[in-house]
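Quick heads-up: structures coming right below.
What follows is a pair of complexes built around chain A, which joins chain B in one and chain C in the other.
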Partner chain A sequence: MAEKEEFTDISGKTIKLSCQNYSPFCREFTISSAKLSLGRVMAFTCTVWLLAYTAFYLTQNTAVLSGAIFVTLSGMLLHIHFVKVDHETLLVVGSLGVQLSAAYASGRESTTFIEMSRIKDIVINEAIHMQTVIYYLCILLKDPAEPDGVSSVVPLFQSSKPRLNCLVRVYRSCQEIIGQT
Partner chain B sequence: MGQRKRVNVQSPVPCPSETQPFSPHTHSSTEIPHHTHAFNTSGHHGYLQSGKHSICMVSDFFYPNMGGVESHIYQLSQCLIEKGHKVVIATHAYGERRGVRYLNNGLKVYYLPLQVMYNQSTATTCFHSLPLLRCVFVRERITVVHAHSSFSAMAHDALFHAKTMGLNTVFTDHSLFGFADLSSVLTNKLLTVSLCDTNHIVCVSYTSKENTVLRAALNPDIVSVIPNAVDPTDFTPDPSCRDSSKITIVVVSRLVYRKGIDLLGGIIPELCAKHPDLCFLIGGEGPKRLVLEEVREKYQLHDRVRLLGALDHKDVRDVLVQGHIFLNTSLTEAFCMAIVEGASCGLQVVSTRVGGIPEVLPDELVTLCEPTVSSLCVGLEKVIARQRAGKVPSPAAIHRQVQTLYTWRNVAERTEKVYDHACRQPVLPLPARLRRLRSHCGAVAGSIFSFVAVINFLFLLFLQWLFPNHLIDVAVDASGPGGRWGRGFGKEESKDPIVARCAVEDTRRLKC
Partner chain C sequence: MVLKIFFPRCCNMADSGLLVGRWIPGHDSAVVLAVIHYPFIPGHVKKYLSELRSQIQVDLTVLGSWSLSKDGQKEMDGFLKDLSTIFPHSRWLQLSREPGKKGFACEVVRKNGHAPPSGEEDKIIFVHYDQRKVMLSQLHPIHENGADVESSELRAVFHTVSQSEPLFLLDKYDDGPLKLTHWQSDGREASIIVELIKQVSVPVCILLTSLVCWWKWLWSFRVLNIWPVPFISSKLSTCVQAGYRTDHFQTVFSTRKATTHMDFMKKANMFVSFFVDIALGLLLISWLYRENRISQLANTLVPAADHVAKELQELLEWLMGAPAGLKMNRALDEVLGRFFLYHIHLWISYIRLMSPFIEMILWYVGLSACLGLTFALSVLSDIVALLTFHIYCFYVYGARLYCLKIYGLSSLWRLFRGKKWNVLRQRVDSCSYDLDQLFLGTLLFTILLFLLPTTALYYLVFTLLRLVVVMFQGLIHLSVDFINSFPLFAMGLRICRPYRLSEGVKFCVLHEEPGAPLHLLMEINPLQCSSVLQCYRTETSGCSSRDSWLALCKKLFVGELIYPWRQKTTKTD
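For the complex of A and B:
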């Protein structure tokens, strides 16, 4: 049932997009990014420990070494719990709403649901991110006070940051469902 | 220039609508050759084959900031889009206005988050703007970089980066400089360095050309003169707004030293004493407002000298038509738009004979004086006497004469030729560029900037390694050949409906 396609994110890493069609009114898009690589963990740990050893050599203070262990461990924990996202899911149910969820590497999940009456549309927009200009998909929320206005924007796939071709795929499918209602 | 008020509408996000787009100029869509339709297959060569350019205008000065350079860039871009070119504008972020915006007819503006240092000009380190500008140039597939204003550090940076990236460059100078004081000497040196390997330079008047050629030690052959223009439909005369019991002198300028406000402060009491039915209407804001307020206070002229403060551009015409005489007291001016606007509203123009002003209007439309209080008074009195005797041509006649003189379409046509010319010239490779820098800019500055150019080149190589060009998504064209502004959206077969949808929403928002 699920179609899988490979795309790249803005920094050139491979990401997988899978589209699950439950019914003509209900579709789920999951973007999975690469798992945390062992090499990067090693590189991070080695850097911190080498710095700590240099500091220890200069100061002869063992607290530096314990500090380094603490920094590496807590850094890794915080990273997998709050930063590293494995899957991002967008579930669009026509006439009901949109559910966004992100699964972190530690297993933590965060989910938000936006009901259809608050959604004005889903569009692709451009933004300046770090030192580049990127495309991103976002949900426009209606302004309750002013029916034509937009009160705020919810960016989608914030941590995987897919490139334009992937966004266009998701956008088209979303519009098919939203357009029906 | 009526579009100006629409520009200020805050629309942080474009969003879609099902309505049809409103596009006041449909020329751009009818002139587009169809073979470049597929937007992601036409690279740089696609633009050159179709004879169209992909132009990036770079300047620190753009809306919401107000001034001559800003409106020049906007109007020129609109006319170039109408001719089928693709235009994007890069400027720095103005407060909350940052990111990417669309103006009328798919004019895309990048408000890049660069630090502003002084007078809305960004700080220059020669390097820090490279990543963002490179990203803009690559994703928009820019073929010509057109920088504006020598006061703008961002424009110089962009020229520098564009040459490093091998793009053709054009520079427009909007101002005159001195040669004597320290700041001019430094700016002139910077200009020499910046322009020595620029493909083509545009000046707004022959005086400005002479000035630029001398300052930057350029070959005059690569400098063209293209004057500014005004939109004659925005500046129409309306004699019924005048108070015929009095004679009104209108002054509209920023109240700064350069505009000769001190001269104005000398003229006001002298003429007011001689002519009891004379009054002054002064629009504009600036540090020299104090001078005028002092004069008004000292001679008790509160009922005859009205200071209007800062004016929106759309209100300028309403102020101009209230007067009989337009007075310009500038001490230096490359090309004076204000006197053309004044004449277009049917006013008698009195101006100082400085810079490029004598070239601007034919002699019968303007009275030129030396930049002294006595000479300006003599000139004004002559015009006042003529006005009283009724020996002046009617405002409508003056307007008819002026409206054909300067049009933006003409400016765009001439600028297009400059782009064609610039694109035929080679962009110097690094070794030749270094030789040019050292031979043209003196031993010390030349060597320093050669070093900077090499560092910039290495930085570019580093960026190309860090974020390779193929990872930068090619932007969907909103204007130019294959531009998607207001075309083919809302249909399933549309290649990319997103930007078109965004565009529509923005037009609609800008309209209301």
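For the complex of A and C:
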């Protein structure tokens, strides 16, 4: 059932999109981003420790070294727990709703479920990010006060940032399900 | 359309019977609440349901039939068809489960009696939910009125399950005409104690409420409302704290029952923070009144105050010379320095006078900690304010003098340019001055300008001193405010029973078989800790926005008085 394909994100790194077809009106899209690279971890650790050794050489204070160990350890923990997203999942269930979840590298998951009655549409939007124009998938939410208005926009796949060709695939499948009901 | 059936997980293995639940109006979904087992008399079922309907204000109906088939499937089929004619309905669900299979089979029978075409059969979603968690959880953001409940499907499901609590009271071991399967508690072991506490709480609440009323009546005496008393008590943080606690006390022990969720949480938060506060205060007392710590504290406090005064004296002497190589106006410098020195002299003699009694005062004041840690902290803040009263005085003198000079300079600067401030139109107009007016104005302007550095220096030094004291007091106020407003009960609930406060739900796909209906598991998504804080923190005055840093800097520059005499500053303009 699950189809896996490789795409690239906006900075050119490889990401994997897997589509799981549970039933004609229930589909799950998972985008897994690249794993934490060993080289970057090494670079970060080495920089902090080299700085700490320089400071130690200048001040002859051992507290600097233990501080460096503490900084590297806590920095890595915080990065894994709050920043590094392992995979993002979009579960679309026809006439029930859309569920977005992000699993962090430490295993923490944050999930949001949006009911179908609140959803106006799913669209691909353009945005200016740094000095480039990027595309992103987003959910338009209905305004309860006026039926035609859009109250807010929920961006999808915020941390993996896939390119347009990947977004178009997800967009088509989502529209199929939303159009059915 | 896709039909959604919310099915309780506890009924997965229930014996065959009738499904009791509710069709959610406006959405194509049904909530199953319980299973009534065979054998039953249809009249009894109808009577029981109508009784429940009037009790819980939710239109419970018989949704269909449930069969956990073992054998004899053929004979059951006819029987189930017959059942659908007994109970009035628009759609009749026939759920069946075979022991070997994971999923259920479902058949929808319309009112006219025939099953829909086979193409629609797979468009059914089973959402399995945990009945207990859904019943107990509270969806956020909270809408108290019923109109919003129906607009959202999930809210309607949560509302239905939590309203049907009386349905779940029927015990499986009861010897009634009906046998039901639904979620039920494992027992009520502690219920005697809980009931006793409930019984006792009412008279205790009445007693405490009357005590609070009496206390408030005492405070409403006219003697206490003549001019200086309310003003001073609004400045003493102990009195402000006492006011807060009285309000909290009144809310917690009011005999009115908390009907809404927010009211209940507010009460519980106040109650828990009140108890934690008192426990911390008692801990402080047990530490303070042991090993003669009070007298040690008093013995260090008096020399410390003396030391501060001595340091101030040295600072003033330094300012009276040529501080940091600056050349000041000699005469004004001397006058100001002497004036402040005299004040310090007065202060030192005041401290000497006080020193024999300080231990006793501390001993009695320390007792206030049994009212809570916040009281002890407020008293500490007040003591600091009283002990640094001389710094405050210096600051006020310096600021007033500086302010006067700045205002004088600004108006004379206008005169210098041939303009004046028009009070009636609130703007600057041009004006032709006489020659002697201009001469006198310019002379005064020059004098003020050359005297400004001396005053500014005194103002700067005393403002810095004052800011140190204000920062210390601000830290104490922040911690008191934190204890007062932190929603301890909600936070504990979030940590120990995450499903009680829910932000929404999350679904995961249980298992899928081609041709069979889809099965989803609905779990409760707990509220984030930051939202708990935002939603449930107790309102105190500290929560309201304060002056911005820019406004504070501007005030400091112009020489207006900062904290705590804030109301008066508006008048002086």
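The rule is short, and it goes like this: the second predicted complex is superposed on the first by the 180 of 181 C-alpha atoms of A that agree within 3 Å, B and C clash if a C-alpha of one lies under 4 Å from a C-alpha of the other, contacts with A are read in each partner's own complex, and residues count from 1 in each chain.
The definition used in the following text is that contacts are C-beta pairs under 8 Å (C-beta built on N, C-alpha and C of every residue); 3 or more make two chains touch, one makes a residue touch a chain.
What you are looking at is a predicted structure, and each value in this text was computed from that prediction instead of being measured.
Undergrad: Overlaying the two complexes on chain A, which is it for chain B and chain C: clash or fit?
TA: fit
Undergrad: With both complexes overlaid on chain A, does A:134 touch chain B (first), chain C (second), both or neither?
TA: first
Undergrad: Considering only the touch criterion stated at the top, classify A:119 as touching first (chain B), second (chain C), both, or neither.
TA: neither
Undergrad: May I ask you to decide whether A:171 touches chain B, chain C, both, or neither, giving the answer as first, second, both or neither?
TA: The first partner, chain B, only.
Undergrad: Between chain B and chain C, whom does A:12 touch in the aligned arrangement: first, second, both, or neither?
TA: Touch status of A:12: first partner only.
Undergrad: Go through the superposed model and pick first if A:103 touches only chain B, second if only chain C, both, or neither.
TA: Once the two structures are laid over each other on A, A:103 reaches no partner at all.
Undergrad: A:153 contacts which: chain B (first), chain C (second), both, neither?
TA: Only chain B is touched by A:153; chain C is not.
Undergrad: Once the shared chain is lined up, is A:93 touching chain B (first), chain C (second), both, or neither of them?
TA: second
Undergrad: With both complexes superposed on chain A, which partner does A:55 reach: first (chain B), second (chain C), both or neither?
TA: neither
Undergrad: Give, as a whole number of angstrom, the minimum Cα separation of chain B and chain C in the superposed three-chain arrangement.
TA: In this superposition, no C-alpha atom of chain B lies closer than 13 Å to one of chain C.
Undergrad: If I apply the document's touch criterion, which positions on chain A are contacted by chain B in one structure and by chain C in the other?
TA: Correct list for chain A: none, the interfaces share no residue.
Undergrad: For the complex, which residues does chain A have touching chain B?
TA: My answer: residues 8, 10-12, 120-121, 123-128, 131-135, 138, 140, 150, 153, 163-164, 168, 171, 175.
Undergrad: Can you check the complex and tell me which residues of chain B touch chain A?
TA: Where chain B meets chain A, its residues are 12-16, 98-100, 110, 112-113, 131-132, 135-136, 139, 467-468, 471-473, 475, 496-499, 501-502.
Undergrad: Enumerate the contact residues on chain A facing chain C in the complex.
TA: 22-26, 28, 91, 93-96, 99, 101, 111-113, 115, 117-118, 144, 181
Undergrad: How about chain C: which of its residues touch chain A in the complex?
TA: Spelled out, the residues of chain C in touch with chain A are 1-2, 4, 27-28, 122-123, 125, 127, 151-154, 504-507, 509, 512, 518, 520, 525.
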